[in-house]
Amino acid sequence: MPTGKWWGEHDGIDFPHVIMSQQFSREQLEVLFKLTTLLKGMLPKGMKVDWLRNYIISTLFYEPSTRTRFSFETAALRLGAGVISSENAAEFSSAIKGETLSDTIRIMSDKADLIVLRHKRNDAALEAAKVSGSSPIINGGSGTLQHPTQALLDVFTIQEHFGKVEGLKVAMVGDLKRGRTVMSLAYLLSKYKGVEITFVAPPIAQMTVDIKDHLDEYKVKWNEEEDFLKVAAKSDVVYMTRYQLERAESTEEKEQLKKAAESHIMNRTVANAMPENSIIMHPLPRVEEIRWSVDSNPRAKYFEQAKNGDYVRMALLLMILNQDKTQELISLPIKKAA
Amino acid sequence: MPTGKWWGEHDGIDFPHVIMSQQFSREQLEVLFKLTTLLKGMLPKGMKVDWLRNYIISTLFYEPSTRTRFSFETAALRLGAGVISSENAAEFSSAIKGETLSDTIRIMSDKADLIVLRHKRNDAALEAAKVSGSSPIINGGSGTLQHPTQALLDVFTIQEHFGKVEGLKVAMVGDLKRGRTVMSLAYLLSKYKGVEITFVAPPIAQMTVDIKDHLDEYKVKWNEEEDFLKVAAKSDVVYMTRYQLERAESTEEKEQLKKAAESHIMNRTVANAMPENSIIMHPLPRVEEIRWSVDSNPRAKYFEQAKNGDYVRMALLLMILNQDKTQELISLPIKKAA
Amino acid sequence: MPTGKWWGEHDGIDFPHVIMSQQFSREQLEVLFKLTTLLKGMLPKGMKVDWLRNYIISTLFYEPSTRTRFSFETAALRLGAGVISSENAAEFSSAIKGETLSDTIRIMSDKADLIVLRHKRNDAALEAAKVSGSSPIINGGSGTLQHPTQALLDVFTIQEHFGKVEGLKVAMVGDLKRGRTVMSLAYLLSKYKGVEITFVAPPIAQMTVDIKDHLDEYKVKWNEEEDFLKVAAKSDVVYMTRYQLERAESTEEKEQLKKAAESHIMNRTVANAMPENSIIMHPLPRVEEIRWSVDSNPRAKYFEQAKNGDYVRMALLLMILNQDKTQELISLPIKKAA
């Protein structure tokens, strides 16, 4: 396992494993975001470097996700690494023969220098990190709770736009109960002073008690609201989420969620009611919770946000696998992307 | 979006997007085919160059096709590009969660420098081109109508063999109604003077009116025949196609197609009845419409044709992504492949 | 097709095709294993060379196997080759449209410089080798009988540990009837003098007559036993296998196999009864036939064995595709991996 000056244990996880968003210290976040900004300036499309040329990165996806997989693979390739990839490990790997995840990871960690794991189980990434030996694990989404690289790119996007995170008013809207992205994001936002979070969701989809307890512990102000327009009008960030019908536990619940999905829609009226310098975010994919007409609104930030994901993941890979280059880069003055 | 001297709008499509076979001007085809011939001479198996080393090419296949995907990926790798690949995006991507193709392409186009898209819908590639920003789209097969790179490799194969396309007699045989390759080919052939096309198919599988109207408009002589042996005996090119049972709309239609499939078989008798310098083509995969015994006939060109596909795709990628190298190469004298 | 001094026909197969374990001569095995040892010393994780930089290797898997595919792809990437990959060719390729394997291979062999094929049919690799032209085929597992690279890595692991294979006592345990790995291994072991094999399995899963006849022909001593503990106590190698319930031909047989699976378990008691310098092997994946508590026993060799697979495959690829480098390397003195 590589070691580095920015690493160490936080909340029980040893970076360079990336298991949960709350594991990151503010110092680690600062290094990561500075590196992200630099890479975004240096590596537009059509550019490639060889800083990870000796490494093989494995994307081991037990839950298919072309978008997240492509983001990690793009990051790896633009930095010169090789990629071994499984789109659908749940069906195509030995899992189907009854092999445990631990056995799979022990074997894969002899092949890949770093493993990006996406899995249905909440504890999958943590379990993998325990047996992966010298290969760091990056959680590419696990179960219903964590999607740490999503949270990192979310916070980076906020900081890039506002120049800070402290003191911002953030509204989270939609299926908060089933959305691991908003949970990971809430954990990460709790590291910044003065952030205020408003949860806008029907009761069937409201944020879980776990997260609210965590926010209380970290003295983050939060409240619940039903009136979307009113909340939007005074938020710096409106973070929309999709109703995850496929995670419903019964046909009845699915129907209720479908109906709830109609209650909080980001349309032109809501978007225009938002403050001038505010932004609309979404982890994507969206279905109908953000109307297409909003895409051209200057507040719409969700495609830029997705693009930032590629650079945050590049920065993470570089920070983990090539510390010399990381150190060299973060000593440079920042040049903004065009 | 890159721009180049051979590019521009034809039939409503701006090259470097490659959406439909008829979009190509004769000048573009000449550059492309000259480049293809050069690359075929310079890049046999076991050879690689780095002319696209800074680029990432995505193969985004909503309809699985190992052959076409491997052809594009081989082309990309031999030119030094990186590849991010989805074998089965219809099941493994956010499409399953209700995301629109436009949203997917907007996100993917921030990752890949060029996207090869294969999709069930006829208008998929065109829709993608509208939102893909600076990343060109290549249609790797869409719906029932278009498979432009197949048509390009078909015409290249004809020109490579005969030294010209003008004035040739081409027979298209089999399931013409469901075959997007013959449709794309017919569009492309209409650009060459004096080509005569004979459609040989049972009524249930005959060529569509759209194509016939197009040929009429471009003053291409065409006719329909049932007597395969008679047609074969006076054709320069016999282009066989597979009966696409999987595209049948009912069990009844499927049964009728199965029966029709037995009516026009390329066997040793038909092959030997063809003129000496004629060729037999097929987009592959074949089932039984060309007998194995024909493979050793000197007229059998279908495996060479498939191989040409790799080089046409290489030429297309190079022409789109590296114009300086393209310009340098097409100024060279042609050295034929061994 | 490349040719080389270590190649030639053995048992009807021309190396560099790798079709069945018994095709290898002792001289070929010695070159391969020396090369494997060298590469294991030279190419730990985080290291890459460019000795195959001009080549494209295709992993064409009709039976999904993330582990074996990743092993070949890791080997290819660490040596600098490009990879085109299909996780599930049975569903995603033209096989589903009725194309023959021969046609597929003829086409793929124009794209890839070497094809790794995994297939359900016993004769698939041999059939592929007949039509693949200048592209060598490596059998990545075919049907119920052969998995030659597994056998190679097994014998390499034995030789690495004991410094020799001759004269060792090997117990094969579990579902021997359905296990292609033990069959391939038995064939390969028959090339070494004085090896004694004991088959430990319930009648429903005992080794096939074919293999026993082969061993008789090559004068390899073998016998069948039921008392696992007694056999383990006097074996140098205990090779465990998984009961392949998914290959059962009826629900009844499946139930019988499930029951049989409980009869020969490698647990702490059995492991500790084994001789001091003995080893426990398993092709993996395991289910419950080796208890987790055995993993920390110094005799447990199965994860090292899996890791050796990556290096044996690297050695095979290099030996086939770059003989100059192979020759140069095997002239070097061996430096053991740490």
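Read from first to last, the chains carry the letters A, B and C; within each, the first residue is number 1.
By our rule, a contact is a pair of C-beta atoms (placed from the backbone, for glycine too) under 8 Å apart; a residue touches a chain by one contact, two chains touch by 3 or more.
If you're wondering where the values come from, they're calculated on a predicted model, not measured in any experiment.
Chemist: Which chains lie in contact with each of subunit A and subunit B?
Modeler: Shared contacts of subunit A and subunit B: C.
Chemist: Quote the value, from 0 to 180 degrees and to the nearest 5, of the angle by which the CA atoms of subunit B must be rotated to coincide with those of subunit C.
Modeler: Fitting subunit B to subunit C on C-alpha atoms yields 120 degrees.
Chemist: What is the distance in Å between the mean C-alpha positions of subunit A and subunit C?
Modeler: 40
Chemist: Find every residue in subunit C that makes contact with two or more other chains and list them.
Modeler: In subunit C, 85, 87-88 touch at least two other chains.
Chemist: Any idea which subunit B residues touch subunit C in the complex?
Modeler: That would be residues 45-48, 64-67, 70-71, 73-74, 77-78, 83, 85, 87-88, 242, 244, 246, 284-287, 303, 306-307, 310 of subunit B.
Chemist: Looking at the complex, which residues from subunit C come into contact with subunit B?
Modeler: Contact set of subunit C toward subunit B: 53-56, 58, 60, 82, 84-89, 91-94, 96-99, 103-104, 106-108, 110-113, 134-135.
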